[in-house]
Amino acid sequence: MDDLTRAVEAALFAADAPLSPEELSRHLNGAAVDEALAQLTAHYAGRGIELVMRGGRWHFQTAPDLAHLLRREKEDVRRLSRAATEALAIIAYHEPVSRAEIEAIRGVQTARGTLDVLMEAGWVRVAGRREVPGRPTIYATTPAFLAHFGLESRRDLPGIDELRAAGLLDPVEDVFASLMEDEAEAEAGDALAGSGGEERDEIL
Amino acid sequence: MDDLTRAVEAALFAADAPLSPEELSRHLNGAAVDEALAQLTAHYAGRGIELVMRGGRWHFQTAPDLAHLLRREKEDVRRLSRAATEALAIIAYHEPVSRAEIEAIRGVQTARGTLDVLMEAGWVRVAGRREVPGRPTIYATTPAFLAHFGLESRRDLPGIDELRAAGLLDPVEDVFASLMEDEAEAEAGDALAGSGGEERDEIL
Amino acid sequence: MPPVSAALILPEADPAWEAPPATQRKDEALHLELEGWEGPLDLLLDLARRQKVDLRTISILDLVDQYLGFIEQAQTLRLELAADYLVMAAWLAYLKSLLLLPRDPEQQPSPEELALKLQLRLQRLGAMREAGARLMARDRLGRDVFARLSPEGLRTDRHVTWQCDLFGLIEAYGQIKVRTAPVVHMVRERPVMTLEAAIARIAVMLGAAVEWTDLASFLPPRGTSLAQDPRLARSALASSFVAALELAKQGRAEIAQEACFGPLLLRKARG
């Protein structure tokens, strides 16, 4: 490789912007650079870097087929939060539902980000608007949701009866209350503890 | 040129900082990059751009002999003051060193700003504290120092082997003590030792 | 700048200084280089270097002479001298006198030792100045060699994969159903003494109590079935207290308490 070609190579590499042949030439004491540019273009063809001309100016760039290397994807696996899981379940069982309806069913407010997360995950989509005052956005599940959860269709979701049979509808509070009663019995004779236990029963 | 080599070439070309083989490999889905680095280094030898390793990290830079063509009009590199240059040399050849040790070698106080300038330049970093009374801060050089001065590692510091062999990197007190011992031994054999000055010249 | 290797390669022992430089050159150097001098060692080193002599072979005595000569001349030129220079000058003058005067064997450390230390320090500083100069003369990134000025950069896009399984989903739904199911409150029957019962009981018992009587003695006596249930006992106490207040309000009883948390005393209203 002759010195001029080396110089052109180095100048293009270190330049802060694409250079026209004239600018290059000025940099290199007026040398004719066309031949060097042609040589370099040929030399870099098929490599990881290529020399290209855009709008009359030359610059090095990463080979287009390797552009994906410059942006590495890194996957973070994160567990869906409790709130998001609940929202997703409500959408799955009741779709299409509006945000207000989800909140009504959950009994708590649903943060804006929660639905965003579900849509980002690809499990929930906007399914239009409900034709009621305010025209709220309504949400539904996607085919990706069915695929992820291994469901043929939404009909595969267990019904209320099945949930009950699986013990999933047993109120947690019942278990709690029976525990409290046991405790009250254990402390029988102690008036304060006894009354405390009773109060708890009532609150629950 | 195989795909991996092309990919390494492209990644190094696009990177905005020198990359260690580990970082490169992580970007390229864990591929082993050593072979590709060796190939590329050989390929670029003698061209206008070269692939170099500085402090374990790789980057492309222009060939040094083309400096006269590429030097930009405005001098980007500010001239380091003599005090700062000496401090930098002392840190590089003795690292890690405390400020007091730098001052002991220079024989003058080192202005507070001097070390700041070196740290701002990214060439010197705080490397912890020495576990002696007062726990003084100690300083060492950075990978950017090696990159800036074109050193593969500290072993490439100009003349470091000769300096070490000549004892010029050892503290004055240590050298002095060993010289005194030698002299004492010499005197033990020869009660009528000549003038100390001459003898020392020989020893040195 | 002398050859880089001057301080690194052992030269043939050079017995002495070269002849001192011409006065005219000295003046020139003085004016030109004064700004570069930072302190005593620096100046000594510079003086040593201008002799082009290896630091290991210089005569400290000659060096001291030159240093003191410089200080003297600088003073006649009315140059401002840093305190460091003067302290060093004083120290060197002392060192010189020690080197010249008859030896005092008790002197610790000996003048030769002091001179040796000075020599060693000068050597080390000299070596570092050489090293610094060689570093600065290297092909430096951004001055002699160049990296790409505005590279694309390598980016890492973080992509979150959310995890949730079918059981988690169904369980969550079950929880919602349970949580939001209509709640029916059931109050269990419990043994109480009603206020009416307490008023009736106390009103009857009060008829016999002319003197102050503790409220406690109006309660069903311990040992009775009524008092065995602690919850009923508490209910009886509360109801009896309210009943006493009610009776007092109606003017049928008087209440007194002699101390905080003392026993509540009750008697039939007089008149």
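A, B and C are the chain letters, set down in written order, and residue numbers restart from 1 in every chain.
Here is the rule we use: contacts are C-beta pairs under 8 Å (C-beta built on N, C-alpha and C of every residue); 3 or more make two chains touch, one makes a residue touch a chain.
Because the structure is a prediction, the values reported are computed rather than measured.
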Which contact partners do subunit B and subunit C have in common? A
Among the chains, which one keeps its Cα centre farthest from the Cα centre of subunit C? A
Express in whole angstrom the distance between the two chain centres, defined as the mean CA positions of subunit B and subunit C. 31
Where the centres are mean C-alpha positions, what is the separation of subunit A from subunit B, in Å? 45
Chain centre separation (subunit A, subunit C; CA means) in Å: 38
Touching two or more other chains - residue numbers and ranges from subunit C: 146-148, 152-154
Any chance you could list the residues of subunit B touching two or more other chains? 11, 13-14, 27, 60, 62-63, 70
Would you tell me which residues of subunit C are touching subunit B in their complex? 4-5, 7-9, 13, 36, 38-42, 56-57, 59, 84, 110, 112-113, 115-117, 119-121, 123-125, 127-136, 138-148, 151-154
Of all residues in subunit C, those that touch subunit A in their complex: 146-150, 152-166, 168-181, 185, 187-188, 190, 230-231, 233-234
State the interface residues of subunit A toward subunit B in the complex, per the touch definition above. 1, 5-11, 13-14, 27-29, 46-49, 60, 62-63, 66, 69-70, 72
Any idea which subunit A residues touch subunit C in the complex? 10, 13-16, 62, 69-80, 82, 84-86, 88-90, 92-93, 105-107, 117, 120-121, 123, 149-151, 157-158, 160, 163, 166, 168-172, 189-191, 194-195, 198, 201-202
